[in-house]
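Here come two complexes built around chain A, the first alongside chain B, the second alongside chain C.
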Partner chain A sequence: MLFSSAEFLFLFLPLTLLAFHLLRIYQGGRAAMAATVAASLFFYGWWNPPYLLLIITSIGGNFFYTRALATNPGRWKLLSALGFNLALLGYFKYRNFFLENVDYLIGDGLTEPGSLGVIFIPLGISFYTFQQMALLLDANDGAVKKTPDLLEYSQFILFFPQLIAGPIILYREMVDQFTRLEANHGAGLSLFGPGLVVFTLGLFKKVCLADGIAQFANLAFSSHASITMLEAWAGILAYSLQLYFDFSGYSDMAVGLGLMFGFCLPLNFDTPFRARNMIDFWKRWHMTMTRFFMMYVYSPMALSLSRYGLKHFSHAGMIFILAVACPIMVTFLLSGLWHGAGWTFVIFGAVNGLGLITNHAWKEWGKIRLPFILSWALTLLTVLVSFVYFRAENLVVAHNILEAMFSPAAFLLPNWLESLAVLTGLPWDSLTMFSAGSYAVRCFVWVVVLGVLSLWLPNWAKTYNDLAPSWRLSLAVSFMGFMAIGWLDKPQTFLYFQF
Partner chain B sequence: MTPDDILEKLTDVFRDIFDDDTLTLTRETMAQNIEEWDSLNQIKLILGCEKEFEIRLKPRRINALQNIGEMVDHLSELLN
Partner chain C sequence: MLGDFFLSAPWRRFLFRLLPGTTLGLALLAELLAFAADPIPYRRHDLDRLALAVELDNDSPERLLHSIIIGDSVTQDVLKTYTIGGDENVADLTTNKASGLAGSYLLMKRFLGRHAPPRHLVIAATPEFFTYLPEGEAARIYLRTVFRNSDEVDFLGSYLPAEEAFFMPAALEMDERLGKKFLALLAPNPSAIKMGGRAPDPGAQVAMGIMNNFIRDDVERRGRQTLEIPEQNVLVFRDMCGLAEEYDFSIHFQIAPLPQTVYSSWKQSGVLSNFEADISRLFESECKNTKVFTDYGISIVPDVAMRDADHLVRHDWTNFYAVLLNDLILSLD
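Up next is the complex of A and B:
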């Protein structure tokens, strides 16, 4: 059941909201929470009921471990708890990838790619596993101020707005909200209006913008073998905009839904394409995932490597490699792999890691400060290259696209510019996608309009506290709602649901 | 060491790392208020504090702090 499907918008959501708020008013916060937990289980089971067993096992095991660690921390207990999570995640998400690569290295050829049989990746497994591992580590550190009971724990993991694809929430930012709700001092309906506004913006981004521009990205990547320079650039720009509007649209919907229930969920996107450098970009793109990796992977590793480096070396370059380059690269390789079991995702992480390391090195030793427009363009270029790997089904596809983007030989003109081509002696006849002028114009318009919107659309998921009712706001929201509902008939799955 | 002393010493550490002698900290200052704050500077801050106060900090514990006020409380807990 997608947020952008009719059954969600017109049946599931209104019924769940009604049940939640009625129970909250008449039976208290805990009854309302029980209702959302039940609704969330139904929501999850809608895709594939057997996977309910998996998520319930995961929650049961982790709940047990969290309580045990909170009362009595211990290294072995923590390791076995993390092992439990990594084993589940590893089996369902990485088993085939691992076996295929081992087989490739050993090379007995017994396992052909794909011959292992498909394991369907359970929806949202990367997201709910991470959320639970973060809580386990916090519990072991004694950083959980109120240990959750089973109901609070289930609400924390299962709450359907964030269950499938984040934002990756931390227990510490939810615990006070749960306590207030249980004491009947929750936000009630006071955030409902802003929630509806944020949700509608997200729905519009997803249904109208992301799904609208998807065709241009899909065509470019499916005709990767014969693509030319202009088409490749158009394709990757279209895909980057699709990815941004798809996932930030989903995240807006999640935040908006949370608000409708009276919960504040963290921001996931902060207009990332305005980023002036790579460090800035990763403060703005998929912020809750970056936060998770920074807190639980990067910081501990960087700190111990820095201590080691400062103790044993005096050369600044060596310290930089140990304290900065190594932890960043490991963190980003892991975050790439977190997205999916494939070498394309590993390289996606590596490209971003390299970009960040360069950025830090430049801050340390760069003699001049780059002008904004240049550093913005370099940042975007790095991001676009990494997105080629992110989107491509395999490395061959990615390299075909990149070759077309950067090889001058692939610079061909479409045939409707024939007169110009003849005049300048450029080849023109082998351009397939843009052979129709109308297609090229449509693609161009989509990329330009969405590019502008990606920089200038207001970020209501960030500023919902300041939203004041006005004619302009209500006109904008009704326009977006009207457009989105009109386009609902072809719902497409969210890109991040595969992770 | 009083919380005020800690805040003063902390300000010195911050000024040194962010290379800004006009930087002032209050209990309400958050990471978002300092533009140059990134993951690497956070590591430098932890190391700077460890040196200044002669203690050892745990990174995950520091990550959980919301603002400078909580940092001061955490440090005074460790120091006293």
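Up next is the complex of A and C:
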């Protein structure tokens, strides 16, 4: 069930919270944890009960490997454990992509109905697989100070606020919280108030802001074949804001829910559209995923390639390519593929990788420091181009949108600005998306208002410790709560669920 | 503060006093404001503005109109760009499919209440315009909340299925009952209904572009649909003919150009002949005293003329339809 569904908000959440805190008070932390594990399994199974079998198999296998690696690390054991995870991920997430490409290359009809067929990607498989792989690597490195038992392990993976779409948590940041809860020294209800506030903000961001602006992005991308420059820019700006408010709203809800249960989950977004360069952007956007890739893919690769580069080359450019450019590009191609099994996602990763390499190269050799507004605009432009690939169903759609964004021939004023067009000599036409002036104005207002909010809305998921429970905060929470609950019946889904 | 195991005193005050208090206060305030804003007409979409413009625009009630054109978005799309009927006095009351035939009827009725009647009514639309029945949200957004005069409410009461009556606090509909009303207050009054400024060009060539798969799928899907006129729309036709009789105008039909695939599919399955037979039967039974002309010819265009299942590619093919409509209007005496 969705966090923003009536059944979650009015049944599942209150009952689970009540059960958790009552059990914690009367039966102790382990009983409370057992209740959340059971509730989380119900939460996950709500969509597709057969996939419970998959997640239970994944947890069972990884629990066995984690304990084995924690007591007796070993390279082959680690490789076998990682292989187990990659096999599950590969089969359930990338099988179709692989078959489609083989099919394209050899034309064997593998993905035709009646052949191997298509399968649905289990929800959150990338998230829970990555969390478990991180723990395996930590266990092998001796970085796990307390080996989890089955209940702790299940709580770590299954805890429903982060199960479907992160934040990607590390065991090391949860273990002390579990230990304190088991010893009845957890946060208890002390974080409930801030949790409710952060959750409500997230719900509002998701239901009202992201779903509200989605209509413009959807129309732009569905009209890609006949779209003009103004419409394409409006569409991609709308989509970028939709994606930000959708995913950061979800992450806020996850953090808020965690706090209501007395757990502190890591921050996932830190006003990323304020970033002045690509390095800064990826420190602010989907922070826990970036952390995972930096810790477990980029750093080991960069370290070994740096050593190799320094040993074999003296030219600074060559060392830069080996120590910086290669690891960044590989990391971002993988991160693109992590987001989705499709070439559009691979190119999304490549565009961001290129942006980061350029940023590092500029830092290394750039003679001038760009003014803030210029570097901010360049960063945003790179991000927007990558988001075109992120949103497009296929490469044709992406290229149509990009062509409209950058081709002067695609510049047309709408027919309701005919008099302006005649006055200025600019071409005009009746447009697909902006056929009505009022719709265009509405789109403009949405983009401007959400753009401003994306830069200035307070990040309560980051500052919940400093929240002052005043009547102003109360009014804001009431307003956002009313707005969000009022919009619950509108069609919605979380963009990041597919990952 | 947050190190405490239980709720701290400020947060206890927040959760048990401040939050319930502001929630209740906000709910009451929203209710009051919504009550005050209720009479303000919406300006959410073209139909809102058109309905209001029709109501406000009574500057030339004595001038005899040549024609009124009603129809769905494929025709509206053309009339936004082209002037149809040359120097004749033609009123464009086209809407989109979502308001259905009933929306067009109510719009026309509103128009006739404030303007001199036309000599002709031209219904230029897709066949689906006659078979579509607005329901749920579409009915709410394009009918119930647009046409709110007492006679219109009575009409919609018989046309639409009864709505479940339950109380919804205004605080849960703030965007609809407060936000959009507030925006409507800020918007200027919509001006008289104007068509686009371009003249249809009978000599213009049409281009045969390349059709993408999404549009092809859409067109094929449309060809698989059936066309059955619901009972409610039969009654709307009857009322429309009543207006024609009362104000003494004739009714003319023009089916919007059909893509080849849709035409062939409907022709082959008998959908089109059944539809045409239904239309003829309907007018024979419900419009006995009205001059109705159903001898239109269906224009068939290649599939590449479509930018989706229903709408024509601009401008080559919209011009083609504009010429067709223009000829029709000019042929009427």
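Points worth noting:
Keep in mind that, in the parts below, the second predicted complex is superposed on the first by the 485 of 499 C-alpha atoms of A that agree within 3 Å, B and C clash if a C-alpha of one lies under 4 Å from a C-alpha of the other, contacts with A are read in each partner's own complex, and residues count from 1 in each chain.
Convention: a residue touches a chain if its C-beta (ideal position, glycine included) is under 8 Å from a C-beta of that chain, and two chains touch if they have at least 3 such contacts.
Because the structure is predicted, anything quoted here is derived from the model rather than measured.
In the superposition on chain A, contact is made by A:Leu196 with chain C only, not with chain B.
Shared-chain residue A:Asn465: touches chain C; no touch with chain B. By the touch criterion stated above, A:Ala187 is placed in contact with chain C alone, chain B being left untouched. Within the superposed three-chain model, A:Pro300 lies in touch with chain B and out of touch with chain C [touch as defined at top]. Judged by the touch definition given at the top, the superposed model places A:Ile485 against chain C, while chain B stays out of reach. When the shared chain is aligned, chain B comes close enough to touch A:Leu137, but chain C does not. Looking at the shared chain after the overlay, A:Val477 reaches chain C, while chain B stays out of its contact range. In the superposition on chain A, A:Ala350 makes contact with neither chain B nor chain C. Between chain B and chain C, more residues of chain A are touched by C.
In the complex of the two chains, the chain B residues touching chain A come out as 38-40, 42-43, 46-47, 58-64.
Chain A contributes residues 137-138, 141, 143, 172, 279, 283, 294-296, 298-300, 302-303, 306-307, 310, 323-324, 360 to its touches with chain B in the complex. Every residue of chain C that touches chain A in the complex is listed here, in rising order: 1-8, 10-11, 13-15, 18-19, 21-23, 26-27, 30, 43, 45-46, 49, 77, 80-81, 171-175, 196-197, 212, 214-215, 307, 313-315, 318. The residues of chain A lying in touch with chain C in their complex are 185-194, 196, 208, 222, 225-226, 396, 415, 418, 429-430, 432, 435-436, 438, 465, 468-471, 473-475, 477-479, 481-483, 485-487.
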